[in-house]
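When the chains are written out, they are named A, B, C and D in that same order, and each has its own residue count from 1.
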């Protein structure tokens, strides 16, 4: 099946090319009676939008318009169509290199798959497409918050610098991250990360990092074994975010180096209910949520657009050439990837809660 | 949607509990005219089955029977139903602990989700379910090999010991791994890994590791952006394998610590075609295969069943108790997980090739 | 997507050829905690099985075996796998005509689609496949009856003879139909219908008819506009039953000859709730159930297997030949089609109730 | 799953309310390299749009805008987003009756399902939603015509007056229908139908009819047994069109009154290929196309909006009241339903051809 729809009961379809007329999405399966405003959506979009000291210079207000599915401020249970016009489009830097495949980008693979490609700004493969995901995720978050579930993310690592959140509550992590230019809740680490980013920019290069997203207070029982496990759906959602090369749940790869006695989380009684003393599982056992916070990590590769010369192929002439990628790019995409990964996690959790019968058709 | 079906055009539905009458699967969407024999399926099942020096002592011949979809040795294009009877079932060790949730297992979460659970041998959450996946994957491999695509896996790491495959061809890796008791192609590392496993067993404990699977010679153009990316489907497939806590494509988490100039694979002309000089991308760019080998890694947690005493809860009495898990278990599941991860990867690749129109409805 | 799975949340996958080893199904998404016994399933299967004065002479006990998903008499929420062995298989009459395409059958089209076919007894296209549907439908009925919804069907018309149910309650219709050899609740009409069937058999010919199924006491609010309407799903389900050539909801084609003032059902207050005075809509408005009984009719074509000589083609010699179809056939399939159409309707209603959040994950 | 997406490989998601800001659709899975222009889409939309002697007086230019997925006049293989602004919106006549459920409409059922409804012009349940289907269907037709498959429809019956197409070729039927105000290719019948419509309008009433759609020159082999039959998908698609109460394939309900010897289409050799002498099957056997033209009929109920007083309920006061429905309505929706049913049939055929591997990913 074509890949532009996500989810089963809460379903999102996105569309749009980076330098086309607009990007947008259709959210189907939103419960009726939910208060939805363009402002609430906009708040999330503003977290993702370009600009700032360390990001791309493309100027997009990313103003969302709701075209359907909301009547008198409430969702109707019918599809919510949202649209963001592309305003600050400058395709010239791309025109010069339209016969060259940019290394690390999807230029070659789109061409191999479709036999044609929109070379303007990466077309459909541009990070700009994620604006539509964030808009959809904003609705998911509105629903989740009605049920006491919160989603928050931050930059766990950038340019090889990891941060510590030891002793911080969910709220502290999230608040500090939002106050940081690069969404890192640990001030000391943040300073070092910024240095890495600026250094890379100076060198015409880029760095990557790790985004971590926490689901606070999820109900136990989410996820559909044996293929449709909650962690499998999270992995699907997060690996599908541009630039992600790895996904971990809980202890992740570290778990593979632990012993069973060390990794198994003891089961205990907490506040009169069954719970877990530690959380190496990241809130998921056997593919089903266990009621503890869900922890997801995503490895983000360094931005492929760099101004250093690189080797590539001119496919019309079928010769190897050197390429220098211009355009307006982020030397590190991690901070802006945070709300995108959050959005994808939100979509998964809402969908799983609906599947489990925890969200009614009208609120 | 319930989670027991995998895939879109090549679709597999598995069923069965560990100590029920049987486990099995239905493969829908298999092209017609494919030569399928029980022997070919059995060969793959034998790679997963229990027994051997370092594995569970459950004695299952795991003999597969094909009940439909094959006529005169060839697939009909109709569903292929396969069944494996459960023979060596001993539920007594489980009866004693049926009111206790085993740490690291899905006992608690199945109960939280379904309000009922089959406590015999882990029920549906048992690793035994993966026999059905391997049977389905065997058919996928038969199809792939008709199109020159091979899938091979091995133990990349066990108990913290990593192996090296530098300089080995795909065929060497696979051959050596199959000759090794623990599916490790590097003899020196294999020796150390075995020690780690035996040590853990002596301690009543367990170890984990990393499975790596390589897709050799995949066509470019597989994968459906933007949500249905090839790597997203691989992550979904592999994260859904029991005990997996992390998935990487290509350089994976290492990519997050590289610079763009280091990570981007130069695009070159190889044998008159466009290719890549290195393979940090793991064969996938923008969610679409680029024609290089596809590299997937899975972090396998240590087997949760250990004989060391652990803390847990008796849910009928709602008190904390100590549990000692008996039964027949593998101190390290990594070697037996290799054919399972291979099977899941095979399902994804066949499905993606069908979606791309590369496999006809009859062969 | 391949076509052997039905439903979204309550999902059924069937498999098996008429003269293969067995037929069966896997039911995924069944709520946990439902009492399921082989006897309850068998009761429905016995209503479909061959035998009797007016039906095929194939002797099949159609004994169902449950292989998974049920533990201590209750569903686990995991897949319920059911199997019916094929016993009384006689493929000889088919061997003689295996190079000829039987008119009115799927012989030619399976060959055109798959390039290969199982010519024994119609293979996958045989009516025998519907046994698996009935087994799955039996579970759906068990769930529905827990929520006060009943499904009943009967032969509305056979060989051009229509019956009347004026003044009969749902229970009367169903009881009388079950007592009749041909599932017709109107004794006088039943007598005439039988004559038509016997007459056709004497002539080496066959007749068709109309099956009507009633859903008693459905909740309002089922169905997903705009494509996934309840009537659209019913049409999909029922048109997919072998031999069905038309589907009607409520007044059906008669509605197309009515005026609006005549067809619109007046909305009234009944027992303090909003209801409808008449039921031309057949319980569905705008694709959503309105709380009145749902009425579905299916046009069943005359059995294509007739012993009269017919013109066809020998595809190996590519010449026109005459064919006389032997084997054991029903001169009229309508009575045995009743439980099949009921089963399909049951699957749709359960699925729609789950989608609407009216059936919990565990009962 | 929510119901606003149609299709599997060629997938259409529609959105929009009648008196909201716009209606639109997203077409995913369109092959790359197809020439698509707004003009080609507009041509189909103009066939559906209101106006004319016998239709609603709402004035909508129904001007389509393509927002994505097309670059330099060719499809990219990415989602094609299309939008039609709502211009001539007048919600006043609906405001007066917003607490009354209009008989024959979805007012009550949307309220029962969603607990909220957009009462302006029928909201999402309005026929206006079908504009988006027609836009999507227009792309499907462009693809089909590349493969020699044509889709044409006409009014087979209106107000009880049936027309004859005996002796007319597909092209004649289609051409004559398009020249007729009510899409009836038989001039004599058309005159009588018009009288019926005008008579009904004079009486403040409405009439229904039957739409017939023909697929010319389809390949054999389309459709996925056993649930995903081609006729089942057609029934799903067509029953989901507003106001449809019945669907027939080929001889339809007439088949239920025929004998087998009469209904079975003789198999013959035509032009050196296997074909059928007659077409009672309507081009489909065993759920798979047989290469003959596919014939689908839809029973359209009389327009529910009539100006005659009707009985209904005021749901806020919970009392029975009389309602007189104003607004701008068609006394007979059949002529405008023709392009809508054609669109739905086109979507099914394209999807089935893709599933059968007959349409490449790039043209």
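Going forward, a contact is a pair of C-beta atoms (placed from the backbone, for glycine too) under 8 Å apart; a residue touches a chain by one contact, two chains touch by 3 or more.
What you are looking at is a predicted structure, and each value in this text was computed from that prediction instead of being measured.
Comparing chain pairs C-D and B-C by the number of C-beta pairs in contact, the larger count belongs to C-D.
Centre-to-centre separation of subunit B and subunit D, using mean CA positions: 46 Å. For the pair subunit C and subunit D, the distance between C-alpha centroids works out to 27 Å. Spacing of subunit B relative to subunit C, judged by their CA centroids, is 39 angstrom.
For subunit C, residues touching at least two other chains, in rising order: 1-5, 8-9, 14, 78, 110, 113, 124, 221, 225, 355-356, 361.
If the chains shown are joined wherever they touch, the resulting network links each chain directly to all the rest. Put simply, subunit A touches subunit C in their complex at residues 1, 8-9, 78, 221, 225, 355-357, 359-361.
Here subunit A touches subunit B in the complex through residues 1-6, 8, 14, 101, 103-106, 108-110, 112-113, 124-125, 129, 157, 159-160, 200, 203, 205-210, 220-229, 231-240, 242, 244-253, 255-269, 274, 277, 281-282, 284-291, 299-306, 308, 310-313, 315, 318-320, 355-356, going by the rule given at the top. Every residue of subunit B that touches subunit C in the complex is listed here, in rising order: 1-5, 8-9, 11, 13-17, 20-24, 26, 28-29, 32-33, 65, 67-69, 71, 74, 76-81, 83, 110, 113-118, 123-124, 361-362.
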